[in-house]
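Here come two complexes built around subunit A, the first alongside subunit B, the second alongside subunit C.
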Partner chain A sequence: MSALKKTYVLKLYVAGNTPNSVRALKTLKNILENEFQGVYALKVIDVLKSPQLAEEDKILATPTLSKILPPPVRKIIGDLSDREKVLIGLDLLYEELSEEESDRG
Partner chain B sequence: MFDSLLSSPSLLLSASTFNKVHQLLQELAEQFGESATLVTEVDCQSVISFKQGDRLSVFASNELCIILWGQATSSAFTLSNKFNQLQAQEFYQVHLSFEGQEFHRLLTSSHTIPPNLAKALQFINPYSIAPSPLHQSFIQGLLNLYALESNSCLLPETNYPKVSIFQPFQDALEQQIRQERVLNQLGRQIQQSMELSDILSTAVTETQQFLQIEHLAIYQFDVSPRMGSKVKQVAGADGPSLVIHSWGNETVDCIDRASEQFSTLGTERFHPPSPQSIGIRLPLVTKTGEPFCSLHFLPKPLALLTTPIQLHQHLWGVLVAYETHNQRQWKAYEVSFMEQVAQTLAIAIQQSQLYSQLREQTEQLEQLVNERTRELHSALLTAQSASRAKTEFLATMSHELRTPLTCVIGMSATLLRYATVNSSRHRLPEYKQHQYLRTIYESGEQLLVLINDILDLSQVESGKTILELLDLVPSKVAAQALQIVQETANKARVNLRLDLNIPVKYDHLIADHQRLQQILLNLLSNAIKFTPEGGEVTLRAWSEDEVIVFQIKDNGIGISEEHRPLLFQRFQQLDSSYRRKYGGTGLGLALTKQLVELHQGRIEVESILDKGSSFTVRLPLRTTPIPILKPDILSLSTTPQGRIVLIEDQEEWGIPICDILTTAGYQVVWMVEGLGATQQIQILRPQLIITKLNLDQSEDYKIITRLRQIIPSRELKIMALTSQPIHLSFPNMDNTMIDDYLVKPFEPQQLLTKIINLI
Partner chain C sequence: MLITSADLAQFLVPLPETEPYQLLKFNDPEDFLNWVRSHWQQIDCLIVEFSPVVAEIIPLLHQSGILLPAIILVSEPQWSPFPKGNSSDCNVGDLGANLSDPPFYHPAEIRFLSHNLLEVFKTINLAMSRFLELATNFQSGKQSPEDPFPIHQKLVNKLRERLGYLGIYYKRDPQFFLRHQSKEERDLTIDQFRSHYRYIVLNYFSPPPELNEKIDEFVNLAFFTDIPVTHIVEIHMELMDEFAKQLKLEGRSDEILLDYRLTLIDIIAHLCEMYRRSIPRDC
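Right, the complex of A and B next:
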């Protein structure tokens, strides 16, 4: 049962239902719905409810979007209002990204 | 004169005895009166010249002729000289005969016949049959006894041959013994179960020798079961066939089939096959008097005796004796002997028939046993090979399953170890982590594909798979399939080529989209797998009459001819060396074949070793689609689209579910925390929520209630994951709360099936 499209594994770290978090989710949803071509699995993690997960993943701020697969791992911090940055982060814009984009944390 | 009379045995009678006998004849003649007469030597003096002292008494009547001829003997006179008082005593050498022919000839030869002789001549019939020699000798014996008694003291030394008196008895007895001997010999042969032909030939030779018959033959009638009565059997096309024909001293075996048919009795000339013989009809008569006729090229018989050989009321054949050179009157004992021989032969024939029947049955049984043994043997071989295949499969499977699992476990263990080390110096570089995770992910995916294959195959094999038939565009499916394997092909450095040649109006096929894609993907990935770097794999599609043809061609390693039959069998990889080089469970082609057959199609393979293989799939264009599910559901299920939110706080469930769903093509948002996520869910607006529902956590129940409150149920389906059936865990739960549920643990396919049915 091979997938027709590329599979993306994303993680979104939020802190409860703060306005920023809600906005980030909305934006992400729009991007995924309208511009994204592949299949995604988005894991939404509430750092308030699951702090250990945030710690494991070295999340310092919320909201943070992390692309786990396909490699390389990229993290995008903020409410995702910079669409272009998000698209690049999701490999949806094929521009060379310098390593500083990805968080070395 | 009276040559024959004088040569017959004689007896010595005294004159007084002779006179008494004479007197008896005289009284007999007087008793008969006019119908009989007595002639003495005095009457015949003119015709026959007598020696002195000779006596003659001839009694003649219509029925009997008795001739008593007494010759005076010298011994009688010697005796009288010795004993003076017996001088008057005279003896006669007496000859007795009952045959009038010679006397008649004698009388008629003289010119003048005295009147008293003429009377006697009337009565003597030259053709009358004389009493048998036995009869004659008996009377002679009686006379002798009488004579002995009357002159016992005077009896001179006897010089007549005693033996001659008992000769006929002895002859009869000897005959009887020889007859018995022949029959005994036959009986012995029958007991020894000799070949029927031997028994028949012995019977013919022995009987022929014993009875001094010129020709003796046994004829067997060809009996066909179609024929009814006896007459029909003989009148049938085959006619009697000659079994054994004894001719003179040599026995000749021959088979002679007379095809001509005759309806009259008697002998008749026929075209001779050789100058030495003529064709004759043998009139054969059964006991019931029905006539049988047959034609055989044998000399014309002067005497003929046919004896039927009866077997269970039906005529098997006949024993035929005949003479071609001499006339012969068949004697009563000869006829009865022939009958006895025929009866004995009937027993032999019956025995041989039974024996051959028995042998036939034995052979049949033996054959049956052999067949059964062969069947058992092949069944055993099949079972053995099946068991071997199973063992091999288990070995392969455990290898195939263990390899990715080892990767997953090993890599994750490494990651875990480094994750717990706090010192940043010992931290694993991130690219390394990525590498590990990637390996873990790929291994997991590989495992999933494998498990899915196994599940699919078992489902297809157990007949549970139902095709979700749709009107598809084959060229589009082919293009999609090619697209999917593109990445794999790139990695393997194999060129992919697509050659579509289906006219637009024929570009329709009723099939299960997913299954069709699976067929193509299996064949494509197989082709890629077995094609070396720089090779080429081509997917061609075209349409024939009522058939869409897909052909996947590669220029890879090819398949040798002996391996081809194994190709589509389960759990078979063609070579252990390949197995090492090329992974795989050997399920792919078996599954592919099953799927093609589910579509009522055919799959064929052509291959040249080291040159490449080509798999051809022919699927019939089904003109009438068979809808199994509602069309809107079908369209969703075949091209999975939809957003699913998963609420699951346990990683060990969340990760595999996400994998299953994304692999099936769904977009997944996984909420680790549920209760606070309702707002987020509102934003995401998924078609389906899969949520945990644990008995001991009221929170789970609350999530569902809240979701139901904020989103209308027709827009959102909810499926619960529980640890035991809902009605057991939540007896009070409203049926409308959730749309479906799944009990953990579950198979990926179960989850997918439920989802397909829901959205």
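Right, the complex of A and C next:
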């Protein structure tokens, strides 16, 4: 559906309530609320409670952020403190650049 | 009853008339399997003589989802399906002792030494009550580690494992909501739901690896378009009606379609859990 093209579906895998997980979630929420203008759903999943889910999505470390939509699926491992890395991983930076370009053109 | 060896068959006496059962004998495993598959609802109890052929039949019964009370006849100790056990494992008086052996067909089956063939009919009731006990245990959630009801168990496990969201943060755009779409867009969206749903239903019981993703995708679409659940139920009913018609045309029973209610439950449970865990923002 065309309307869903700019829709992001993200999964954040954490293992319990570790400081790293909390930090990752905070950073991510911040990015999504301040820099990302589109529509999104961020599912937070505890791998300790849902090991099957982590296995299915081949999660090897936590926290891991996985971008399900739009394709391709991308994974970012770590507490997401490197903002730029997250933006690139999510294709957000690229999108911003191409939007700037189209604005200029 | 499946008896393959002739010397065993000659010991077989007619069922006493006092018994409420009708005995059907088979000596060809294939006939047996075909008959069980087509008449499993009328069968009270299976009696099979253990043989290598039977070892091949049992997985086929599992595959067809057919589970019935069963008595396994073990003719001699060396015929035992589990050579590590000794012959007393198969003794009627010692039914509880072989529980540590992996069940051959399901955990409620009864092993029986076949030289006691005359006694076998008395065991039918026992086989049936043990089977029922297994079913009740399953319903109250105390199911044995063996999985006697793969389909139902699958749903419970799947939901438990797949829907363990801690929380869902989201931002939706009301512009995408079904009720705010133009008529053309809405038709397009509903069509998309239909084709997604058809794919999920058709593959539900023989899941390709990406089925979960498809369910996820369907539910995400439902979430972002804020589609009323009644629409999803309608899509389900339409599809089932269509299948029922097709099955009738082919002269087959449409009873199997009842199983697909699990698919609907799965989808709705997923959607429900997504809303339940969602931590809303402004819309």
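As a convention for this text, the second predicted complex is superposed on the first by the 89 of 105 C-alpha atoms of A that agree within 3 Å, B and C clash if a C-alpha of one lies under 4 Å from a C-alpha of the other, contacts with A are read in each partner's own complex, and residues count from 1 in each chain.
Heads up, the rule we're going with is that contacts are C-beta pairs under 8 Å (C-beta built on N, C-alpha and C of every residue); 3 or more make two chains touch, one makes a residue touch a chain.
Because the structure is a prediction, the values reported are computed rather than measured.
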Look at A:L32 in the shared chain and tell me whether it touches subunit B only, subunit C only, both, or neither; answer first, second, both or neither. both
In the superposed arrangement, does subunit B or subunit C reach more residues of subunit A? B
According to the stated criteria, A:K49 is in contact with first (subunit B), second (subunit C), both, or neither; which is it? both
Is A:L69 contacted by the first partner subunit B, the second partner subunit C, both or neither? both
For A:T7, is the partner it touches subunit B (first), subunit C (second), both, or none of the two (neither)? both
According to the stated criteria, A:A41 is in contact with first (subunit B), second (subunit C), both, or neither; which is it? both
For A:V22, using the defined touch cut-off, is the partner it touches subunit B, subunit C, both, or neither? Pick first, second, both or neither. first
Going by the contact definition given at the top, which residues of subunit A touch subunit B in one complex and subunit C in the other? 1, 3-4, 7, 9, 14, 29, 32, 39-46, 49-50, 53, 56, 68-69
Quick one: which bits of subunit A touch subunit B in the complex? Just the residue numbers, please. 1-5, 7, 9, 14, 16-17, 22, 25-26, 29, 32, 39-46, 48-50, 53, 56, 68-69, 71-73, 104
Subunit B residues within the subunit A interface of the complex: 419, 430-431, 434, 437-438, 441, 448-449, 452, 480, 483-485, 518, 521, 639, 649, 654, 658-659, 661-673, 676-677, 679-680, 683-684
Over in the complex, which subunit A residues touch subunit C? Could you list them? 1, 3-4, 7, 9, 14, 29, 32-33, 38-46, 49-53, 56, 68-69
Subunit C residues within the subunit A interface of the complex: 157, 161-173, 175-176, 185, 188-189, 192, 212, 216, 220-221, 223-225, 274, 281
